[in-house]
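Take a look at the structures listed below.
Two complexes are shown next, each including subunit A; its partner changes from subunit B in the first to subunit C in the second.
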Partner chain A sequence: MASASSSAPARRGNPLAGKGWPVGFTVAAIVVFILFQWVLPNMSGPLPDFFDRWLPLSVVNQCIIWAIMAIGLNIVVGYAGLLDLGYVAFWAIGGYTAGWFMSGFFTQVSVNVFGHAAAGQPAGFHINFWLVLVIAAAHCALWGVLIGAPTLRLKSDYLALVTLGFGEIIPEIFKNGDDLDFPWAHHFNLSNGTRGITPVDAIPTGPFQYLSSDSLPIPAELGPFDETIKFVVYSLIVAFVIFVSLRIREGRLGRAWLAIREDELAASMMGVPLMRTKLAAYAVGAAIGGLGGVCYTTAVGGVAAEDFAFSSSIILLAMVVLGGMGNVWGVLVGALVLQWINGNGLKEIGNTITSVTGHDINFPSYNFLVFGAILILMMLFRREGLLPESRTRQVLQEPERGQLESVGADLEGERV
Partner chain B sequence: MSQTAVEGVGSRSFRALRDNVERGMGLLLVGGAVLYLVIQAIRIPGRFFDAFVDGVNKGSLYALIALGYTMVYGIIELINFSHGDLFMLSSVLAAFLAITTFGATTGTFLAVLGLIGTLLIVMVAAAGLNVAAERLAYRRLRRAPKLAPLITAVGLSFVYQWGGLRSNGSGQKVWSSIFGDAGFVVGGVKIEWKTITVIAVTIPLLLLMMWVVQRTRQGKAMRATAQDQDAARLMGIDVDRTIAFTFGMGGALAGAAGLLWVESIGNTRWDAGFRLGLYAFTAAVLGGIGRLDGAVLGGFLIGIVSSVNDSGVLPFGQKWSQTVVFTILILLMVFKPEGILGKPTTEKV
Partner chain C sequence: MTVTTEQQPLSLAASAITIKFGGLTAVGDVSFTIPERGIVSLIGPNGAGKTTFFNVLTGLYRPTSGRVLLGTRDVTGMSVHKIASLGLARTFQNIRLFNLMTAEENVLVAMHSHMKSGIFRTVLRTPGQRREEREGREFARELLDFVGIGKTADEYARNLSYGDQRRLEVARALALKPKVLLLDEPTAGMNPLESARFVDFVHRVRDEKGLSILLIEHDMSVVMRVSERVTVLDRGEKIAEGLPDDIKANERVVEAYLGKTGTTGYGEDA
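Coming up: the complex of A and B.
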């Protein structure tokens, strides 16, 4: 095991982790933006139709939002090596934070902080989208610490089960939360039950609305059809999340996470405070999950408890595993690809095969098989993911059995 | 406990104090829950004992599933996540065989024969599937980091769920039992024949399992492998075969639970395995994971708690049942991870 003290720079074997990535990311985002804002609407022929079927912008936005959450989960699973099977809980908390503070749901109060209340909904909390992002991140980080504090000293597989328990309990609280009986408030409606909180306020564009022109109209509030501007907003948040992930990883905290992931005992002997470091991983991961939750709520225009199922946690895990645990770029690619498959890809592949061969195969029903198979096959044949870090590869590819025995290694107690 | 190594001797008394406080809080919680149940039992005895009988019925099914978890965990320290979904697949297969193939809907002699045939087929099929999963996936990952087999098990559970979705549809299917709702009444509490049947099948299976593990040569090999795989190999035990046998036994029990579920609860759902599997895992942890008697005890306890909660004796009601069981799981993990019957070990935490 590589020890905690080796301060090998992370960018070895990972050229994208250098300083050049913001440029590449910006170029990629601008290309997509120009394509969907100006090129496709003014084009005739089969290409716009092709994009409309295979890659509409709403699907791109969904992919980006899932990428935010996958990168957050990567901090917990990939960096710190703590298997979290209930990450959807933080998504739910973030989503409901947006629901509470950006809608007319709480009619008891009327608070407006730079908010953009929808017409006819003067009551409730209406707080600016960007402030809600901060609130949701802080709120989720708090819950991450609250959930993590009693449970993080458990062994890895026990921890997975406990997080799974929380991942089931918290959405159930939201699902049944329309009629809570507190000693101080009877029949309190916290979450509107299965109906969910909808609609939520739009994302305001603030000063950018004055840049509006004929070729690029920027409304004061982003409605459901302003997908290109929303794409810019979500891309900014992904860029921020990537930046945070990469910077923390290079720093003292990130190196402590990797040390814990690789050998907890050795890390603690080198003076890494285990509990505090793990709690930090939980808090940061949860905060990013909160950002993703807010984005998701604004993208679909509401929040409902059915969205937060166990399968979402597993799909996020599959994104992290497919891309390469611990490598932000791998996780980004994994999230974009898998959410595309989940959203539109599988359906369109199915439609194409149906139209070519005449067999009517309902491809979206193979969703579970695809994600399950990805997890199993990746674990069996390429445990380090498609775009691994050199460091992860060393840890995850265990030496051959014969190799170990030939040097007389004690196989029992082999714990990574 | 890697922290003790750093903190040294000075904080040992503090640790002991903290451990005692935690243990006391755990006992206090359990004591409070038991006291509450007793008060409710005296207050509304009719509903409570109805729920109790239902809980014994479900509890024996949980015990059968929990045994599969606990045996696999005991031998290779893997939480076999897909076990609940294996149970779900068996229940779908059992419903198909019993109702569609053998037509066992009324209590005739032929129907009973059909059910026995179904029981055997389902047990063999589930055992075979579990052994295949071990052979194809888990065996290759036995020396890999802990995360790898766990994620594989989650993936397998997704594949099984897909199988259930394809064969059972996205909704719930309701099946008729050969026993119907008939039963007899003891002191105002109705006991249905299907509950008796479930117990009559479960108890012999559990005794058989105990006998295999404690009295036979194969059981001795299992216990040896659980203690030390390398030493067991040196003693001439075929470790791979022993582990496969353990998976097979666990699978067979899940298969039996599948048929009993169809006959007593009477429905199949593609997503039933996830929740049931977690209930059963909670049961295994409650009794002390790795212990066979612990899994049985835990199964009955969890069954009774969830049924009592379903019946509305507790103030939460059915919609909170899952939360109640998972809260038990979390509290156990935090305060008493070794369970009721298990011995505390430092490695567990």
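Coming up: the complex of A and C.
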């Protein structure tokens, strides 16, 4: 996909950024799919049991959904260098968009656009999953601009604090949004309060259901046990998000983001409109967060305000930093690893230690202790993250040429 | 003292610029013009208000009163990026490159306002977007060759030598396709030989790119050799303007730099 003229360091620093990645990603996804669809169910012995305990597919799906959102946050934090501590707001907006448009929640209306209404729920909006993805992305991008317009005038710490505020406000609105008074509607129930909106419609498989066979049953809609097909759906969305991230990065807008991250004042003096460029980063990041929100809602079968806590924003940020800020692949790895630890790994490590030593330690309750320890260790020994962007690796590992020269290093003579 | 540029078309005209910070008048009632294809210098002792005046021209500060015309367009109070895209480019006294971007990318950033591709065209990589990128890269390479660092196109700016970084700043500024190029102490840190070469370089930029150049400079040998006209600021006011030779002989200018004749500043008169 990289054109011949793409800059050499990008290729040199990151082998995956070249032509190979869509192939590599597809192969990896197919391997996982085959493993869980055909290999493990037909195997006896310890291996299926091992996967069931250490890496069940439901956890894999959670991991890749978090990866979608981490990649979105990476655009804001990694590309444009804007510290956002309230990214969970966009996840929430995306999640509720799915809740509104894919459930029988709004009993006042009855709209069905290629949707799959659950039995006994003819009322409400039932819009096709793929359309809802588009709606949620657009909706979140709109809110990204609305929230960004006043906040992005601030810099660094102040921006972080205000985004933190929005990250708290939006979930609170949903938490208390079951009895709103609008001029045109009294006692309007927007979000069903703490009960949340549940159930939401399943993901319909559309024409693919006719490909169903004995070895690969594809139901008309994906229920809670069709994890392998859901894995395919979510993987496609991850691939799309990676594709968009990489492409934007290589173009005019991506360069402007980098320039702002490097030196805001110099960028503006070179004709880069700061507000508009930052808003674009916010909007794209928010749109991707919206996709993640829709996926999350369909994966857990509903949306509830408690899911959107401040800690989620921090975990997402940790995924970005730990994986390697600015590098999509690093962020992907960071998200998979951290969400695995969070979802299943820690519990199983605890169980193993308990069974070996006989001490009963509730590991998942030390979740944040472990997270904190990992973050501290990473910042001490590998500040640039697991798979850093080649540019960042430069800064953190090599001294600047000017510094070397100032201590008398004899570098190649001046080019003329 | 009178300069015969009034009839010439101007690429930049600042009239009666005053800027106050609180009660302090940093620049008071300074008028200043740059003729088309002219090379002019702004000099003055430290604290004279040169940089403040520069920042008014680039839109970083809004003048308390006065107007700035770029060509025939009033740019007073416009945002920094807008003024830049209308054709006012600058370099920085302390080099401010995008360190973790390659030389080529640095130049491409400055072409932002001349390129059009938005998010969707970039993601879809439409033929138009690809052509724009290709042409942009070609133009960037041309500029890098022009300033003599074509070989470093793929190197990160931070890894360039000091001299090459200065050249890259000029290439980046030229990518804006400016009418006026402002050079803020461009020879700082250069040795006499490099400074001498720089004078030729400035002439070449003006002649081949057909733009006007304004220098802020401390090195008087450079100023006197490169400028067609020199303006002197002291304590926020314009104290002299004219041909380099006139400025050299101007009593007030010598005074501003060296102090009044007969005083050495060591208290001997007291």
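Definition applied: the second predicted complex is superposed on the first by the 376 of 416 C-alpha atoms of A that agree within 3 Å, B and C clash if a C-alpha of one lies under 4 Å from a C-alpha of the other, contacts with A are read in each partner's own complex, and residues count from 1 in each chain.
Keep in mind that, in the parts below, a residue touches a chain if its C-beta (ideal position, glycine included) is under 8 Å from a C-beta of that chain, and two chains touch if they have at least 3 such contacts.
Since we're looking at a predicted model, the values are computed, not measured.
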Exercise. Between subunit B (first) and subunit C (second), which does A:106 come into contact with in this model arrangement: first, second, both, or neither?
Worked result: neither
Exercise. Looking at the overlay, what does A:244 touch: subunit B (first), subunit C (second), both, or neither?
Worked result: second
Exercise. Where does A:161 make contact in the superposed view: on subunit B (first), on subunit C (second), on both, or on neither?
Worked result: first
Problem set entry | subunit B or subunit C, by number of subunit A residues touched | B
Exercise. First (subunit B), second (subunit C), both or neither: which does A:371 touch?
Worked result: first
Exercise. Touching A:284, do we find subunit B (first), subunit C (second), both, or neither?
Worked result: second
Exercise. Which partner does A:310 reach: the first (subunit B), the second (subunit C), both, or neither?
Worked result: first
Exercise. After superposition on the shared chain, which partner residues are touched by A:21: those of subunit B (first), subunit C (second), both, or neither?
Worked result: neither
For this session: Determine, under the contact definition given at the top, whether A:258 touches first (subunit B), second (subunit C), both, or neither.
Result: second
Seminar exercise, completed: Overlap of the subunit B and subunit C interfaces on subunit A comprises residues 265, 268-269, 271, 274, 395, 401, 411, 414-416
Exercise. Where on subunit A is subunit C touching in the complex?
Worked result: 3, 5, 7-9, 243-244, 247-248, 250-256, 258-259, 262-263, 265-274, 280, 284, 391-392, 394-395, 400-402, 405, 411, 414-416
Problem set entry | Contact footprint of subunit A on subunit B as seen in their complex | 2-3, 5-6, 77-79, 137, 140-141, 143-152, 154-162, 165-166, 228-230, 274, 278, 281, 285, 319-320, 322-323, 326-327, 329-330, 333-334, 337, 347-349
Exercise. For subunit C, which residues count as touching subunit A in their complex?
Worked result: 58, 60, 79-82, 84-85, 89-90, 92, 96-102, 104-105, 108-110, 112-113, 115, 117-119, 122-123, 125, 129-130, 132-134, 137, 148-149, 151-152, 154, 156, 158-164, 172-173, 175-176
Exercise. What part of subunit A is in contact with subunit B in the complex they form?
Worked result: 81, 83, 85, 150-151, 153-158, 160-162, 164-166, 168-169, 172-173, 175-176, 264-265, 268-269, 271, 274-275, 310-311, 314, 317-318, 321, 365-369, 371-376, 379-380, 383, 395-396, 398, 401, 411-412, 414-416
